[in-house]
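In the two complexes that follow, chain A is the common piece, with chain B as its partner first and chain C second.
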Partner chain A sequence: MKPLMLHGHERAITQIKYNREGDLLFSSAKDHSPNVWYSLNGERLGTFNGHSGAVWTLDIDWQTRFFMSGAADFTLRIWDCSTGTQLGNIVTRSSVRTCAFSYSGNMAVFTTDKAMGHPCEIFVVDTRNIDSSFSDNDPIMRIPISDSKVTSILWGALDETILTGHEDGTVKIWDLQSGKELAKAREHTNSVNDMQMNKDQSMFITASKDNTARLFDANNLMALKVYKTERPVNSAAISPILDHVVLGGGQEAMDVTTTSTRIGKFDSRFFHLVFEEEFGRVKGHFGPINSVAFHPDGKSYSSGGEDGYVRVHTFDQSYYEFNFDY
Partner chain B sequence: MPDIEVKSSWADEVEDDGNQKLPEPTETIKNGVKTITEYTFNENNQKVKIVRQYKMEKRIVSKTIAQRKTWPKFGDSHNDKPGPNPATTIVAEDVYMQFITNKEDSDKPDDSGINKLKGMDQNVMKCRNCKGDHWTTKCPYKDSLVLANKAAEEKKPPIGGMEKKETGGKYVPPSLREGAKNTDSMSHQRRDDTLAIRISNLSENTQEADLEDLVKPFGPYSKLYLAKDKNTNCCKGFAYVHFKFRADAAKAIEMLDGFGYDHLILNVDWSKPSQN
Partner chain C sequence: MGKKKEGDKSPRNFENNRFNRSESYGDDEPNFSDDENFEDTITDEELLAEFLIHRPREEDSYEGIIVVDGAPQVGPERLEKLKGVIKKMYGKFGTIINEFYPTDEKNVTKGFIFLEYKNPSDAVDAVNATNNYKLDKQHTFLVNHYSDFEKYSNIPDEWTVPEPQEYKDQGNLHYYLLDPDAYDQYCLICSSGSTVQIWQNAAPEPTVVEERPNWTETYVRWSPLGTYMATFHARGVALWGGPKFKQIMRFSHTGVQLIDFSPCERYLVTYSPDGPSDQRRVIIWDVRTGAEKRSFSLDGVSLWPVFRWSPDDKFFARIGQDVLSVYETPSFGLLDKRSIKIPGIRDFAWSPTDNILVYWVAEDKDVPARVCLLEIPSRQEVRANNLFNVADCKIHWQKSGDYLCVKVDRYSKVKKEKNDAKYSVSFCGMYYNFEIFHMREKLIPVDSVEIKEPIHAFAWEPVGSKFAIIHGDQHSINVSFYGVKQGQPPSLLKKFEKRQCNHLFWSPTGQFIVLAGLRSMHGSLEFIDTNEFVVMNAGEHYTASDVEWDPTGRYVVTGVSSWKQKVDNGFWLWSFQGKKLKKHNIDGFCQLMWRPRPPSLLSAKQQKEIKKNLKKYTPQFESKDRMRSTRASKELIEKRCQLMKTFEEYRQKNIAAWNEAKTRRLELRNNVDTDELESDTKNVEEEEIEFLVKEEHTVIEE
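Moving on to the complex of A and B:
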């Protein structure tokens, strides 16, 4: 396959996401402007200029009207997808590390880092009307987290619950009405780097620094599968059409000192969802892969790396024909 | 796909005129293929013609997607023309998904070529006694039946490896010289060679202790040799392990070949004995 290399960022990519219909691919990086691309041919639609710090997280609502990004400049900004203008801005007390629109798009959750005396907090805000008063509105819910900070977040079923992944490896479910912790799973031994849902939102996969990715049931946090590798997994995604998961990872840029750094060596690994066995690798990145995402139709996937490139791969016929022998 | 032609002789001629003259970029659309021809200067001040071809496709998509295609570009792409901007969108080289099954290695077509050559090689020179790649008359295993047919093995020549015994120009102790009385010691050493495996594609910071941990579970070994750079003491990428039993060596090869160790995939194989 001939991947498209999207070179819109000057610093490492932090997250990439497709919109619900899959025609747009959004990317955020440690430089201050998230980009949006047409996923079909890699043409860049535009950039969202306004942040003054590394953008850690992004999300798009289901209608692709609003784009939300959280950055290290202590703000969460909401933009209009079609024009790139900023619609709303919430100033927080520390870096916004994760954010997510609810399934309906009416609410958004974001978390802040633990810094300078402020604890890590989960904020839930109303996003039905986004205008200049957005920053003044009180959040619907505000939950302080006293133990390890939240590194990854997802909305649960029916927008009633929130799933969080933490720096110590725990995954928790929170009830939205009461703000109480409903369930907790201690499967990972190190930080959860990324969590992504499968297509019908019944399961989600967590990527962790402890060199594994795990599949959980989204309702009761039952541990279903483990995918083991030898390096920290930075991101994982579940294919919407086949029983495959893709893992992207690699050593932290800081740790790569004397290890073999051959060009284009960092790879995304494909595992079988059920058999937990690796069946394929795709090379190409020049640095650890920080984020992977499947296109909603499952026929292509993208990966964003520490090298600042987003690579969009469309699968060959051989991928569909591959039959895992068992 | 970008296509660069360097017209050097023409540029040399024009150079004296003060090379400001650059033809205008042209765009032609023919049969659904848009061809954009641009002229620019490269680092050597030569005129370079860049031809880019885009296939124009018509696709039928849902209403919302079609509508998004009409959005004007914003932010840093505000001044971009329709179609991908080559500064931001590059078509990378072909990559193939390397399929790994638990039985076979990933499909690399070049490897099978080498394997075929090796297979041919073995048919040429095979000792009748031990099926090694040497002539029967000089076979030291005349008296031993340790090496049953290992005709299916591949023996790669050690790449830049330092064999234990370097012949030619080096001092050879009396016990190892030709016609030495102690044939037992020779065959001992030879025997170790056939129980030797070579592990390559080790990462730079592999140490002897790591190597030991790697091979210990397979059985007792008589010698571990890790190739190290003399100045930096980093691992050169390969090592030799001399097992005491052939079965253990075979098992080690089977388990470790293709094993992911410290982010590199190991290549483990029988070590090719030195050509005496």
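Moving on to the complex of A and C:
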């Protein structure tokens, strides 16, 4: 089917996410206003206006009550999802790179960049009451990161741990009680650009600039699978219904010397979760793909690219009919 | 070396110890002297055996001294001048700390000189570089090491028969040809040049034969018949071969950059632009013995190979200013002791099968350009062709030596412009002639094909009688095939119009050809059968930079080399019909080189017989292939089954844990079950969404 082209951003898309039910699709970009769309028809529901810098990261809580966004204007903001009004605003000392609501929605984690003498830091905040006092409350936990900065983040199962992906390719687990590092794995050789959980949150997939995506066990960081490509991988997602993963990436925008989209390989690439074999590609973007996401029902997926477009693809019947022989 | 270092260090340590000790004891130095009655029972050899080896010997001091014989004999009045010349010449090898010019009673030098270098290695360089140096017509230097005196004086008066060297069995160097399935080998250079791998092109998956990191420092080459593989090193060239790729021979030539094998692999030519001396820029070696046969001092080699070999290794030739020098083997002297004078010679090439060479001479005023066929060693001109209005010629021999094509670039007008006291010549109205020489016919008749469009490529069918030309303007590129028949001018067999290609690659066995649009044409490929002129298949290997047929004409490899571009490196394997068999994406892939095969041992008749009965053989091979591919797909499926099994086992544990934690999840989310999309039914709101189905504009009355 022809994809829906969502054109609401003026600059490169940084992240896209569905809410839990999948009826809404949220997108952030290097322009200053995150958008929210109906995933079914691609109609824009609204924008979140207020940031004054590139928005690097976003998340939605499980009830779709709050929308959170972190930006290069040194703020983390929490918005009312239904009205689009800003509820809380935490001012940081450097850009907010990643953020995520916990499973319960009672807490959120975000990280800041290492910049201007300030270290990269992980903050855990209470999000039960979001009002004007939100910005003044002390965080529940604060972990300064002395080595490689955090480039992606996830909550572990049952809100007991936090998983971080780092610029040097390491993946770490942190204990939320003590703030201590529990385990780490160094499988990637370059920046971990994105991490996404599978449906039951026992595994997660990492997307790395080292041209691979990997599947890890979420409890012990055991490396399970690796999906190899020839280009940096910016984002990867696991299908909630089939043993499939989708990878998005492409030659970095700054390295693209020709106008040819063929050499950049800006395709979404589908791999079998277990066999690590590629079985399909979806073309369309004319810049690298920065973020991919499966619809929670597994029947469609979206990709957001450096070209500023979000493309919503609904799978054809042939997608379900395709099977690997084994 | 290690020992020596120890020796160097120990006195210093000793000093340190003593220093420390004197510090702690103050000025009271203990008495270390032996007792008066002490008898030394331990000899120096026992104590210091390892250091005594390094004890200076008398001969050591000779090593820096050289004797220059054959120098001019001069009186005292010209001695200073001689000294100046010698100093200038020998000073460049190193510091001379001593010189001695022996003179007779009349104070005239005796014609030999002693020089001592500070560094013995400089002396070695000086001897290597200046021995046999021609100072002028009368004087040729004979330079020796002073230490050689002993060597030469110890030569026994009676000659004894040298011990025959033990025969070293190098194994079967042609073992790779005995592969029962006739799989070919290829050499891969990857990791941007630091790794060399030898693979066997086995079906369905290639197998690695040998892999060595840093096997070469720059590049590798196969010998023309595939027996050896040559690797390049700072110190010289090494040849490898046999089942384990053992080192077979080494040729030491510092800074070697280019090499060339003679066609029968008997000789190897190496070139080093910055060798130790000008004398030995180009060296010819005997491949089997490793002996240096002859060296040449060539300055500024612009064309490689400098020496071109006759097909039987008997002769090799080099082009010079108005002269063609033909040398013979094994004497390595000039044929008939003189070069052949050919004023205005521009280029030449040996026939690939006969001892005939062709050269061409540029046009000069009223003398036309000439293309000549010369038989060696008789120097007989077997055919000559005069041509007018020639801008350039290119010589193309057919690989079987049956035909020769000389592509002649001709002009209809010459424009001479005078700028800055120099004439610049530009040609107008270019057209192109292909002069076809029928080598196997009496008197070698010549035919001509004329094409008025620009020519992009020309290629002979290696076996057979066809040739292909890519011609035309940039926007309409055509490929024409011509056939050559005995006693008839070449006829146009087929013209493919508007094609995307800039290179021609014939199968080594003829009949099949790949038209390739490399680099700027994005790697489009067309596989053509020239018996019926059908395009069997068209394909594309995006940004491909290389196309290589395997030596049997069964496979084609297209590659994207990291020497040309940094992304998408790797190579693809195609069947000769243009079916894509395998993609190998390798980061840092540089080059793939098929290991050449020597010519078939079967006679032409036997080969014909096989071709005739091909139908008889095909079922055998087909069943073999089928079995192999079913085995492969079976293996793949088994592998997948195994993967799935282990993964399922792993998942079961996780799913069990997930089910166990259900209550915890419910707690976290206020007892709302969110495990499945549909599980939370109470909390759902219906919402109507509109889809834009169609837009219609209707003009209602104005």
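Quick note on the criterion: the second predicted complex is superposed on the first by the 317 of 326 C-alpha atoms of A that agree within 3 Å, B and C clash if a C-alpha of one lies under 4 Å from a C-alpha of the other, contacts with A are read in each partner's own complex, and residues count from 1 in each chain.
The definition used in the following text is that a contact is a pair of C-beta atoms (placed from the backbone, for glycine too) under 8 Å apart; a residue touches a chain by one contact, two chains touch by 3 or more.
Keep in mind it's a predicted model, so treat the numbers as computed, not measured.
With both complexes brought onto chain A, simultaneous placement of chain B and chain C is prevented by a clash. Comparing chain C and chain B on the residues of chain A they touch gives the larger count to B.
Shared-chain residue A:2: touches chain B; no touch with chain C. By the touch criterion defined above, A:38 reaches both chain B and chain C. Touch criterion met: A:103 reaches chain C, while chain B stays clear of it. Shared-chain residue A:297: touches chain C; no touch with chain B. In the superposition on chain A, A:278 contacts chain B only, with no contact to chain C. Of the two partner chains placed around the shared chain by superposition, neither chain B nor chain C is touched by A:116. The superposed model puts chain B in the path of chain C at one of 206-214, 566-574 or 638-646, which is 566-574.
Once both structures are placed on chain A, chain A residues 21, 23, 38, 40-41, 43, 230, 251, 324-325 are touched by chain B and, in the other complex, by chain C. Chain contact summary for the complex, chain A toward chain B: residues 1-8, 21, 23-24, 33, 35, 37-38, 40-49, 63-64, 82-85, 229-231, 250-251, 258-260, 270, 277-284, 311, 313, 315-316, 318-319, 322, 324-325. Touching chain A in their complex are the following residues of chain B: 59, 61-62, 64-65, 68-69, 71-78, 80, 83-85, 87-103, 106, 203-205, 234, 260-264.
Interface residues of chain C facing chain A in the complex, by the touch rule stated above, are 542-543, 567-568, 585, 587, 637, 640-641, 643-644, 647, 650, 654-655, 657-658, 661, 664-665, 668-669, 674, 677, 687, 689-692. Of all the residues in chain A, the ones that touch chain C in their complex are 20-23, 38, 40-41, 43, 62, 103-106, 157-159, 200-203, 224, 230, 251, 262-263, 274-275, 296-297, 324-326.
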